[in-house]
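Dropping the structures in below, format is structure tokens.
What follows is subunit A paired twice: with subunit B in the first complex and subunit C in the second.
Showing the complex of A and B:
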């Protein structure tokens, strides 16, 4: 598609945040919305994530935003044909007395904010999933949480945006933003062509936001944190909730399609993201202790995707200081996909109303790092 | 249910193992130990191996080399691709009529780490040729192949090779495979791992997995000779049992001695389509016709003449529109096409057949070479996405070589030559530019050039240059 000389709204990044922003803007009747993606939709972190969605966090900001986001996920599956969101819950397997104590307190905190998590005994866990309990003492269960297949999300939202008239430009990297007089004036695509922007520029390019913003002198405290994930062939659904082995940071999720995704903590340096066999061995060794079924499955692919992590593990959302029409949303620290619906709607509010609707979103502004007002976990558990 | 085993064959003698009993959906079936489980099931007259998960459409064997998943059944409770699983006495086999279930798996795989000079992936002509060059040198070699028997597609080739003696003239593919298999098993520096699939390239090494073990292999040099897949074709009901890849049918018929069908339509008149038609006649099947969408026959005249002598019509400017049948193909619909490939109305014809074989080309199997990070390019004349390489078969990743169909869809003969070239290139890199190696490699390059001067190699000649990297980076 040939890009016009000037557009109203330019969204940089074809991931979940950019797509949701376009969706909520288009639904309000905004015209001339253009998404620019350097590769293809979902190439960044969205297409590589596991698709878990939960409000059971340990900070007020996260819990409140995610409760709002879950209510959006529930309406999105009605509004967008083919979008899948299944509220099958999250299950944290707890293997030490200390973890059980911490999670009891965490659950009480979450309950106080209206997230109905609860501690399950061994028998109750077995009723929920076909598991070998081994050393599991108890689990924290979050019935409000769920999963949304990222692939179905990408396809269904793409189709919806096309219906709404949003232009999607793939293989069109944005290499620069030109600013003057306190405004973003244009963006440079394919290192050569300038496209004027009449309204707003939204930078929603995940870890790559840092590169774009640094070119116009905006410093943003963002670290790339590579994480592995694997996918198997499709099998009859046998694990409904997303299951996390808390002690090792390992997890497994089976989407409605039947594919199993398995992740684990396996730190690799940002500069060498060659796939590690050590990850595969660790992920399978740990999860097969509890789900020996996975040893009979066929592995399809292993890949690495990035978490874009901020110093306080909370996102950065808002207008860039002194640039009235340049909006950023990044730094989700591994939670960008689940937050995309509420963040997309809040970016719409920022663009149309001049400010976000929720007080929690206002706390996510970039200035907090310079001012030393980092967000904190609301309570320290353990 | 009939018995589809071939009793007598003019060329092949089937060396079957001990007679055993397997159970399909509880019914006892006769089988032979070590043969492909899918072949044993098909031989017993079973048409439907499984149902598709969503639309519950019947499925059966298609590729016979473990690539397509159509023959997936539950074996002793575990979802398994039956075509590449050797039959064992007492196996309990069930249809999978939904997605397969992930079931409890008690077997623990043995883990082994292997450090080697050379890893060869694929035991077809290209891989075997590289192995031959490296046999009994002072380099350690590990050859990994995912099939039951070594030899790639050669094991099912019964036609006689043409050309010069050094390129196997007068010999049949399966004889060459047997000879190489036995020769390579005697190389003192070589370890052959059959029945294992190379699944991934990791920082710690290359991972190969079999039913028994997993191997983490650390090679200095790699030859990737993973061959190609058979192409499918779009037409109505093209997933019905009885629609098979020509190569899949060849495996059933020439390797396992099982007749793919009684009345057959072959789609595609390239060499594969012509040769399979002749082999079907040898196996006692009737070939109703060969259809070819182009206005001329694609393969060599000798092969076409052979089947015409038996009265098989080769219908050029014809295509297949669809097949009908409930549990298996019962008839095919064919029609004439014009020069723009449009169907000519009113020329539709029904042909009573139980089998349709697709000989409509191959696609290079480049997954592994791409995992190594090698540069690729889409070159339709070479078969699609192919790795770029130097004339010495080295990819853009140093010390990673390619040979055979994954580099460009060609033939067994060129696969051998490329495999030899890759083998000598490794010797030259590892042991220095010895006169003997350099001379041999130059001769092979000349041989490859001459072989490709034949009219059938026109596409390769036309586009080979597009896949070449400058050879400046290569130590030669």
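Showing the complex of A and C:
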């Protein structure tokens, strides 16, 4: 598609955040929305994630935003044909007395914010999933959580946006943003062509936001944290909730196709995307201890995707200081896909109303790092 | 009725491929792969992706001649080369 000389809204990044922003803007009747994606939609973290969605977090900001996001996920699956969201829950397996105590408190905290998590005894866990309990003492169950296939999300939203008249420019990398007089004036695509922007520029390029913003002298504290994931061949449906082994940060989820996705905490150097055999050993060894039936299925693929991590593991969302029409959304620290619906809607609010609707979103502004007002979160894993 | 299967693993017909390319404006193999799961089954794309490359002009209305795999956005091969049972990786 040939890009015009000037556009109203330019969204940099064709991942879940950018797509949702375009969707909520288009639904409000905004015209001339253009998404610029350097590769294909979902090339970054969206297309590489496991598709888990939950509000059972350990910070007010995450819990409240994710509650809102889940209500959007439920309406999106009605609004967008092909989009899948299955509310099958999350199950956190707890293997030490200390973890059980912490999660009892966590559950009480989450209940107080309207997230109905509860502690399950061993018998109740076995009623929920076909599991070898071994050393499991108890589990935290979150019935509000669920899973949403990232691939179905990508093609169904792509199709919907085309219907709504949003222009999607694939294989069109944005290499620069030109700013003057306190505004973003244009973006440079393919390192050659400048496209003027009349309204807003949204930077929603995941880990690559850092490179784009550094070009205009805006520093954001963002680290590229590579995480492995594996997928198996299709397997008979046997496990509904996304199951996490809390002690080791390992998880397993089965999507509608039957494939199993298994992840585990396996630290590697920043930006190192070498696939590690040790990851496969750890993921399979831990998960097969509880689900030995998976051992007979085949490994199909393994890959690495980035978490874009901030110092307080909370995202950066809002207008860049002193640049009134330049908006950023990144730093989701492994939760960008699940948060995309509410963040997309809040970016729409920022663009159309001048500010986000929810007080929690306001806390995500970039300035908090300079001001030393970091947010707190203790439940990041996988 | 005769059906032409383009992707055996995911049971995707040539007709389905032509339909989504036309109706959804898909212009590259990476997007097609994620749309229909072509190349995501046990063959790892060794049959279906090659078939798509052979049919590139017919499918995408463009010529693949003289273009590199990068220019054609041929999906990268991800390990393992063949499906391997998970028990291979279990520590004993």
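To be clear about the criterion, the second predicted complex is superposed on the first by the 375 of 382 C-alpha atoms of A that agree within 3 Å, B and C clash if a C-alpha of one lies under 4 Å from a C-alpha of the other, contacts with A are read in each partner's own complex, and residues count from 1 in each chain.
To be clear about the criterion, contacts are C-beta pairs under 8 Å (C-beta built on N, C-alpha and C of every residue); 3 or more make two chains touch, one makes a residue touch a chain.
What you see is a predicted model; the values in this text were computed from it and never measured.
Note on subunit A: of its two partners subunit C and subunit B, the one contacting more of its residues is C. When the two complexes are overlaid on their common chain A, residue A:258 makes contact with subunit B while staying clear of subunit C. In the superposed model, A:275 makes contact with both subunit B and subunit C.
Touch criterion met: A:284 reaches subunit C, while subunit B stays clear of it.
When the two complexes are overlaid on their common chain A, residue A:297 makes contact with subunit B and with subunit C alike. Judged by the document's definition of touching, subunit A residues 233, 275, 277, 280, 294-299, 302 lie at the interface with subunit B and also at the interface with subunit C. Per the touch definition, subunit C reaches subunit A in the complex via residues 24-25, 27-28, 30-31, 34-35, 37, 40-42, 44, 73, 78-80, 83-91. Within the complex formed with subunit B, the residues of subunit A that make contact are 233-236, 238, 258, 260, 272, 274-278, 280, 292-299, 302.
Only residues 39-43, 47, 151, 154-155, 158-159, 162, 170-171, 232-233, 257, 275, 277, 280-281, 283-285, 288, 294-303 of subunit A touch subunit C when the two sit together in their complex. Per the touch definition, subunit B reaches subunit A in the complex via residues 53, 78-79, 98-107, 199-205, 207, 216.
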